[in-house]
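What follows is a set of structures for review.
Shared between the two complexes below is chain A, which has chain B as its partner in the first and chain C in the second.
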Partner chain A sequence: MGANIYRNKKPVFVFLVPAFLFMILYLYYPFFKNIMNSFMHIKQLGSSATSFNTPWYTNYVEMIHDDNVWTAIKNTLIMMVVTLIGQVGIAIILALMVDNIGRGKQFFKTVFFFPIVISATALGLLFNLLFLYDKGMVNQLLEALGKSQLTDWKAEGIAMFTMMLPVMWQYVGFYFVILITGLNNISDELYEAARIDGASTLQSVRYISLPLLHNVICTCSVLAVTGALKVFDLPWTMFPKGMPLKSTFLTGTYMYYHTMETKNVDYGCALAVLIVVLGIVLSKVVNAIFREKDY
Partner chain B sequence: MTKKRTFSIGRGVVYLLLVLWAITTIYPIFWVLQNSFKAKDKILADSFSLPLGELFTMANYRKAFDSLNIVNAYKNSIFISTMVALFVILLAGMAAYALSRYKFRGCEFLHTMVIAGMMFPVFATIVPVFSMEFSWGIANTGNWFPTMLSVILPQVAGNLSFAMVVLIGYIKGLPIELEEAAYMEGCNAFQIYFKVVLPLTKPSFATVAIFSFLWSYNDLFTQMFFLTRPDMYGITTLLNRLTAKEGTNYGLMASAVTLVIVPVIIVYCFLQKYIIKGMTAGAVKG
Partner chain C sequence: MKKRVIAAMLAGMMVLSVTACGNSAENTGSDASAPAQTTESADTSGSTEEAPAAETAQPAGPVELTVTTTFAGEDTNAQNYKDAVKAWEEQTGNTIVDTSATADETFKMRVATDFETGSEPDVLFFFNGADANSFIEAGKVLSLDEIRAEYPEYATNMNEDLITDSLVDGKKYAIPVNGYWEAMFVNTEILDAAGVAMPGADYTMDMFKADCEKIKAAGYTPIAAALGNIPHYWWEFAIFNNQSPANHLEIPESVEDANGQAWVSGMNDIKELYELGYFPDNTLSATDDETFAMFTDGKAAFLIDGSWKVGGIVGSCQSDPEDPSTLDADKLAKFDVTYVPGKGSRKATDLVGGLSSGYYITRKAWDDPDKRAAAVSFVEYMTSDDVVPAFAQHAASALKNAPEVDPAQFNELQRKSIEMMAGVTSLTGAVQDLFQGDCRVSTFDGMPEIVTGRVQAVDAVAEGLDAYHNQ
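This part shows the complex of A and B:
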């Protein structure tokens, strides 16, 4: 019977064509076109490529010799490690703590999650104000605590820290919610049994919660790593054009910088290809490290 | 969870740590809110006191409304995001229904296409999309509607795959008996979809719509390419230009941030259950 009603296949096309046409036109075609573009010469944004570069791989040679590319890759890798340890790590601790308290679970869930709802651009502005040299909230706070000299949070050595802190802070709640959902799926009977056997709270966290959470943690790690490659809004708002001294470029912001600011569009396309390659390689690496386990 | 609770020092420490983290998420917002009611020099002198008595001023907000055209930016942003959400549920809903119910040759291939569609970073498609739309005459024109459309379309494409994955998962779980009953009554496939499947899929549509809306509302990257004229700015583009233009007028910045954040927080308070679900369902998209 179930097969009967969907035996007539004609309507399928009507259902599928709009969405897939759209995907081909706006995702697949541009994606391959972009790879082509990276070998060609484009005068300005909006004009189409007319001829190949001479030699056609010029952009990629330039990339290897471009110090900023290496800075951007280095910063992105640092960003990845920071998000992995900072976001997922803090989220695990918070989730385990919230799971073990009685009251207020819903409250903490709501409060921890809400930075994600706010646009990263607005948060960038907000943190610009917090980290003002003369005098944002942080410097006023430090002054009140007895620190006599103001800290320039946007100076060269410390700029990366100032940029990563908000990015990390914003997404902790996201992984927190995923992890707490995972914890809720662990059956109460296991904890019951452990308590009867005389296990302390810490022991049941160590021997029940954490092992059973392994796959969820694995998912979170992959998301954190691939997410770090897509970060754009907040760094660009806080540190436009890689300032100070082009030291805070990430792969995404550097791609934008070349496409929109220096009008070197085809080089921007080549950088986009680099982002894709990095994404594929790194998610393979993370998958290999945190291989999913079956229980 | 019905674990037995006993009070202990350990529990106190746990609560303390949780409250500390909660303060880091709430206080910065509150800090900006209270300083948006103070004059610039007062912020620099003392940013921690409440804006009461002489400290209180609405000047920042007057300036924001006079010089920033923030109402217009809201109008643009809400129009774009609503359209994105509508298009996404319309297109993704139909495709998801066909993919989860019909078995046909190439079905597997289309599934793979959907999954792979989630992997394209926006960086890798934006330049060709721009030149494509430019050649159609909708990008970078001075007219309002084409400009809005030029942002809406790429954003729809960016959310389609994710929406389809979520919806396919949901529709597959619906009992097929209802559709069979409708079929027996003489409904055709379109009537079955619009009269039976669509109403049943509402919760999942809500999830997808909320996610697409918020994603589009908060997105800066795509908007920076297509919304280049001041009267076309959305909320995020406006904020971004504001940093460059008025970066030292801290009072104005604080009021602008407040004007952008507060409505979102209010909506979040009412719809948090759906929003949290929507955002984490979009986990695969990130």
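This part shows the complex of A and C:
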């Protein structure tokens, strides 16, 4: 009897029920309700759906013909590539460099991780000031270096760069900390053996660090790509309503724009469904590409 | 077996603690909203049953009212509002939880959502046009008649002809405080540098364009406006310039009719000014705050905006925006206000203005026996003969017995505003107040596409009108 109690899993379910109910109430119910709402007519935010659209799939047809949806999807995909290269890539380089220094590791860990603790909205406002057209810090520096014309960092051709730079900068530290923890888990004996065999630092990185970091890099890549789908607050703070000329919309900001700004709530619901579908498909693709290895 | 019992007990405790948290939250909310009532009930437990009967009486103890207004940010009356609230709080012992914010589209959306979700304030100072339709239709605010049934003296100091009727049922809901006008602010320092004379009552669009050309040649930006953010004022006057005060408030049936064509011409007029390079280089990507800063910093000459912007300009001339004693009078003297260039049947002196906002009492506050009297008291105080003149300043009010205004109490820009208003030939409401919701998207949010030629003005107007008529 005494040993059987460990085989009886029923009490575990009792403990799982509250969390399960919470998820049903606050995640799955709203999710399915959102799918329903995407087929309905909703007058404004907070109003109940009154009737089905005519035809019921109107919003999805509109979505296909909406140029801004394609712009948002394109920008989101660019954001994914940028986060992958800019965040994980830079984080790998920083982690490898910091791992190879004797002193000050903790200092660099803190410095690189710090942007994570600042709210994205505050960062958006900060970068707004840096990239301000008139009297912004970047333009003042360029002026001091002899540039006569002010640069509009939020103009159509350059806006995506201005938007992605702070997004990239904010999360480098996050992946840096994960990667440096991964590096710490690699046994020193391997490096010592390599040194005895005459391997250079670069060869140690190429043949020991990177192969053994493979799974950590895969995890970071999956996190970065799926995280890019959720980026919202910083781009919205810097480029509300997809300014300029609706060229900076991401899928998240475009959904928010329709839900909160244009009062086209049911179309916003349809966009939310699109984001979920996009998220599932991309997660599958990323998981397939960055498959972890068994050692 | 013992472990099973312990597991069941732990699970039970968990469920109970969740339930208890819910209950305690409810209790906390109730306690927080009516701390005085708790004391009152304890002291007069015998009369608790009779509490509802005392609905019309003054509140027994201090009451906390939630109030949302547009007196925030750069609004001229933001400080007046704070002062008035403080005075009322000291006088009554009640407290105000202020949730005011700058009157923009996000604010309007917030208010609408608050009403929809049942978290509306007790008292609201808000627009009386189409923006208010949703909560009036839902019966969530009280009409003047309903309030007067219990408080006969409520708002009797107001000229009722000037209290705007609701678009929903023709009843009066919002008690106005101060009127507004929209006109053109001028940075005279730039005009002097460019050799341009101060525009007057006979100012036309052709004269305006000639002046803009001179200003541009002198190296300044002629017009401070963020077309990608707040094109509202140019939208209004560009349309008005192709109509007259008589038909400005008529929303076109279609883009084909005369009014519809006037709207299209208005959009094309803005496009022409954009193509001539009179707006800031970054007008499509700048915020309204940025272009306003260009105006106050002496980089842009003209700014079309509302009477509420007087406070913002004065604030920019103070080393401490909160402290009027730090005003740099010389700097303020460089700003002036004049009429918006006219065209066709609209004279420059035909401006947009009126009494577009007022105080609403929500049914939520009215149905709360503790808050009803306090809400009425607050609105009566804020719309009293003593308080309204401080808010109205250089604009109109709806008071029956408006006291004489002593110009000496005003700063120079306020005095210039009063002089400018003396020459106004007509004040017409803003048609955009009637044109609400997603119908605006194609010409407001879509203004950059219109001025850059990516979308034809006629298509944008047609899209907006279709959305309006399908609402």
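Following the convention adopted for this analysis, the second predicted complex is superposed on the first by the 277 of 295 C-alpha atoms of A that agree within 3 Å, B and C clash if a C-alpha of one lies under 4 Å from a C-alpha of the other, contacts with A are read in each partner's own complex, and residues count from 1 in each chain.
We adopt the following convention: contacts are C-beta pairs under 8 Å (C-beta built on N, C-alpha and C of every residue); 3 or more make two chains touch, one makes a residue touch a chain.
Owing to the predicted nature of the structure, the values given are computational and were not obtained by experimental measurement.
Chemist: Where does A:Leu150 make contact in the superposed view: on chain B (first), on chain C (second), on both, or on neither?
Modeler: After superposing on A, A:Leu150 lies in contact with chain C but is clear of chain B.
Chemist: Looking at chain A, does chain C or chain B touch more of its residues?
Modeler: B
Chemist: Is A:Ser47 touching the first partner chain B, the second partner chain C, both, or neither of them?
Modeler: Touch status of A:Ser47: both partners.
Chemist: In the overlaid three-chain picture, which partner chain does A:Asn264 touch, first (chain B) or second (chain C), both, or neither?
Modeler: A:Asn264 contacts chain C only, not chain B.
Chemist: Quick one: is A:Asn37 in contact with chain B, with chain C, with both, or with neither? Answer first, second, both or neither.
Modeler: The first partner, chain B, only.
Chemist: Regarding the shared-chain residue A:Asn68, is it in contact with chain B (first), chain C (second), both, or neither?
Modeler: In the superposition, A:Asn68 contacts neither chain B nor chain C.
Chemist: In the overlaid three-chain picture, which partner chain does A:Ala159 touch, first (chain B) or second (chain C), both, or neither?
Modeler: Touch partner of A:Ala159: chain C, not chain B.
Chemist: Quick check for you: in the superposed arrangement, does A:Ala122 touch first (chain B), second (chain C), both or neither?
Modeler: A:Ala122 sits against chain B, while chain C stays out of touch.
Chemist: Where does A:Asn215 make contact in the superposed view: on chain B (first), on chain C (second), on both, or on neither?
Modeler: A:Asn215: touches no partner chain.
Chemist: Once chain A of both complexes is superposed, is A:Thr110 in touch with chain B (first), chain C (second), both, or neither?
Modeler: first
Chemist: Does any part of chain A touch chain B in one structure and chain C in the other, and if so which residues?
Modeler: 1, 5, 8, 11, 14-15, 18, 45-47, 132, 134, 240, 260
Chemist: Name, in rising order, each residue of chain A that touches chain C in their complex.
Modeler: Where chain A meets chain C, its residues are 1, 5, 8, 11, 14-15, 17-18, 44-47, 132-134, 150, 152, 154-156, 159, 240-241, 243-246, 260-264.
Chemist: For chain A, which residues count as touching chain B in their complex?
Modeler: Residues 1-2, 4-6, 8-9, 11-12, 14-16, 18-20, 22-23, 25-31, 33-34, 37, 42, 45-48, 90, 94, 97-102, 104, 108-122, 124-130, 132, 134-137, 140, 169, 172-174, 177-178, 181, 184, 188, 191, 195, 201, 219, 223, 226-227, 229-230, 232-233, 236-237, 240, 252, 255-256, 259-260, 265, 268-269, 271-273, 275-276, 279.
Chemist: Which of the residues in chain C end up touching chain A in this complex?
Modeler: My answer: residues 1, 3-4, 7-8, 10-11, 14-15, 18, 105-106, 109, 112-113, 115-117, 134, 228-229, 281-282, 284-286, 290, 293-294, 297, 299, 437-438, 441, 445, 448-449, 452, 454.
Chemist: Residue numbers of chain B touching chain A in their complex, please.
Modeler: Its residues touching chain A are 1-5, 10-11, 14-15, 17-18, 21-22, 24-26, 28-29, 31-32, 35, 44, 46-48, 91-92, 94-95, 97-99, 101-104, 110, 113-114, 117, 119-132, 134-135, 139-140, 153-154, 156-157, 160-161, 164, 176, 179-180, 183, 188-190, 192-193, 214, 217-221, 224-225, 235-236, 239-240, 242-244, 247, 250, 253-254, 256-257, 260-261, 264-265, 268, 272, 275-276, 279-280, 283-284, 286.
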